[in-house]
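One structure is given below, represented as structure tokens, and several questions about it will come after.
Labels A, B and C are assigned to the chains in the order they are written; within every chain, residues are numbered from 1.
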Amino acid sequence: MTARLAAKGIVKRFGGVTALDDVSLALDQGTVLGLIGPNGSGKTTLLNVLSGTMRPTSGGVFLDGQRIDRLPGYRVVRAGVAKTHQIPKPFPGLTVRENVLVAATFGGRAPMREGADLPEQVERILRLVELEPRAHAFASALTVQEKKRLEFGRALATGARFLLLDETFAGLSPDEVRNSVEVFQRVQAEVGFGAVVVEHVMRAVLSLAQRVLVLEEGRAIAEGTPQEVVRDPGVIEAYLGSEATNVAP
Amino acid sequence: MTILRPTFLRLRAMSLRILPGHAWGKVRALGPTAQGLGLVLAVLAVVGPVLPVAIFVLLILFMIYATWAYSINLITGMTGYVSFGHVVFVGTGGYALGYGVKVWNIAPFAGVALGGVLGAVLALVIGVVTLRLRGAYFAIATLVTPLAAFYIVSGTPALGDGSGLPMNLGFQIGSQYYTIWALLAAEVALTWWVTRGRLGLGIRALREDEDAARAVGISVSRVKLILYILSGGFAGAAGAVFAWYVSGVFPDSFNLLFSLTMLAMIIIGGMGTVLGPMLGAVIVLIPHQILIRILPQGEPIAIGVSVILIALFLPGGIVGTIRQYVPDARRYFE
Amino acid sequence: MAEVGTVVASLVYGVLLGFVFAAIAHGLNLIWGVTKVVNAAHGEFIMLGAYGAYFLNLAWGLDPLLASVVDAGLGLAVGVVFYFAFLYRELRGKDEIGLQSELVTLVATFGLSLVLVNVGIIAWKGDPRGLRYNPGNIVLGGLSVPLGGVYVGLASLGIIAISHVFLSRTYLGNAIRAYSQDIAAAKLMGVNPTSVAAIATGIGFAMTMAGGAFLTVYLRAGITPFVGLTYAPISFVIVVLGGRGKMWGSLVGGVTIGVLLDVLQVFVPVEIAYAAAFLVVIPVLALAPEGILR
């Protein structure tokens, strides 16, 4: 049976600011949900709630029907939902391999780990995210793209069935984006995780995601296939506007 | 080198005779740092009683300081949380022993155990609230605890008000020596154990970036709290031995300068390492014995200057710096 | 009910004391708010300010108010030197001040504090030095209030008000505020990060040492090299209460602690009042880490 990650009626307030207002979503393992919206619309906050980094003010997050929004963050990871940071947070004084090893060691009982021991597992992930040549470098010495790969690899190494990726392609050159999208697709095909992908780079979202959720000022204003969403008049007005030309296939 | 070699070989031959083959293999697998520290502790245990009393007494003080250094290393060295108020555990342990001995007539050993337990409990209480704070905020939140404790004991008649609890326990340096030896040995072993394997890796990750550590499944809050409790327990027990050693406990046991000395020992030796606190304790305490006679302020000034220079230029301390610049020596300086 | 009268008197004394507390904490608040790192040797500069007032009084008979002006001038210079000696290496070129920088400076300045306390002991011995300054009393509604306390209290208020005007009305003040909010953006606006941070540190030190001069009025047991070991933690507590980087926060925090200390003493032993004034920081940090001001 494929696993399912769902959020129901999520509200998150910071003092007077309502960052998320009654947002719901659901996705199956193996599928990709794109999450788009203007700056400050609540995308990162939604990932934080899904990953147990923040508690929702109300509403619930469910993994295979089990409630996970009251669990501490590390338990959510071990249960199978891992997040990457919008600004990469590697362990700078550890090598790339050690970074991945930490995640593989503490990430919980992973489907990825079955039948392979830890070092093999780490090698496999380094190969998947194309960081093998940099395995012995300190994480602080990586380029931005490599740091983002490392975030991705670390999340993978936890063995999570769902990955929450916050702007993995932002700040990269078009070539780097193309290359990173390829890596993502290859790894996803091989490992079969489900993912929520937050992106500003529209082309990336549209090519990756089966479904897209659009947030504006904390509310979900549209949901559907990429084609449906880009044609939605509300979305065009609220978000795409002048960017629409970039989106046309 | 050539002069040293025969002795070294003889030592090894001796060990081989004492230990069965497989046990010797295990000792070898521990690595040079653990072997060296084990040797130091073994020598301390064996030769202590045959040393002149003056040195024997000095060694007790040295081991008390070393225990404090390892104690603050457990939290500040391992996690990067600067425990400015660490002396609160020292004073608490001292008062536990003082009160127990004076009021309940318990044996000093029991007082040390009580000091350890109270230190651990206090660390639990303080830690639950303050370990959620980062950087300077944690340092400040812990800094105020010994100040408050100072005023509280100064105003509590049962704890002797401002004049503390002097004790009359007689000359018990033998028991003191082996009590603090056992504490130090246990603490060194614990430190060695938590720095390796799965746990050691997790702690390093936590020190590097707490949020990232949480995001890969490390139970950050629990690890920090456990380390803090252990550190409070050892500081409390050693604080009790200190009260026993000086035959009394006074509000000044909460003097912040103790915290600063503890911190200085691990900054100089190397934070978060197994060897660093021992080196730091030697470096801080030996000049103390010399300088105290010439210029009492010379020592804290020298410590202060070393701390400044090391913090700004060699943040790894002695051990960290050697590890960084002399890769060949790395295995000797874990 | 004599109690009510006592409480009112304590309130008045507490508020005046709070103003002075606010002044000694204000410099720390500015430096911490702007550079994002804490000066653990803060207390020793309060101590130096107090000795400065003592020696100026001894040499030229200056009262603490006049001495504070000289102290402030010295503080400005000392602060700039301090910035380059202790903070510059760690902060230069960084747009985001991380935990690591915070720890490095915390530890390095703690070393400085150890050095300064002991240099103080060598230079001036451990025994307390008293400074005679007694301009008499003023009777307010049946309550006799020492004028010395009133003067330094008002002077402290003045310092805080001036710093507020400076930060909000002058080019340099705006540059400092911009730097404290977003270093990268401030640079884009043409702010030189190093000089702004150095000047802010200098101003912080000026206020700290002037505050030390004011504090002498309250150091009834005399000035010692250990003064900083008490008043640095009090300053930390005040800044945390008021909220780091909030310039009126120093005043709110200072008055809170001053009043807490003086009013609590009506009801509990003085030791317990001090313990409470220190411990109050822990629940505040746990519940309102940004301080009690909004």
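In the analysis below, a contact is a pair of C-beta atoms (placed from the backbone, for glycine too) under 8 Å apart; a residue touches a chain by one contact, two chains touch by 3 or more.
Because the structure is predicted, anything quoted here is derived from the model rather than measured.
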Central chain of the complex, centres being mean CA coordinates: B
Remotest chain, subunit C as reference, centres from CA atoms: A
CA centroid of subunit B to CA centroid of subunit C, Å: 33
Subunit A-subunit C separation of Cα centroids, rounded to whole Å: 46
Complex interface listing, subunit A residues touching subunit B: 51, 53, 72-75, 77-78, 82-85, 89-94, 98-99, 101-103, 105-108, 154-155, 157-158
Of subunit C, residues touching subunit B in the complex: 32, 37-38, 40, 86, 89-90, 99, 102-108, 110-115, 117-119, 121-122, 229-230, 233, 236-237, 240, 269-272, 274-276, 278-279, 281-283, 285-286, 289
Residue ranges of subunit B touching subunit C (in the complex, touch as defined): 80, 82, 84, 126, 129-130, 132-137, 139-141, 143-145, 147-149, 151-152, 154-155, 256-257, 260, 263-264, 267, 295, 297, 300-301, 303-308, 311-312, 315
In the complex with subunit A, residue positions of subunit B that touch it: 198, 201-202, 204-205, 208-209, 211-221
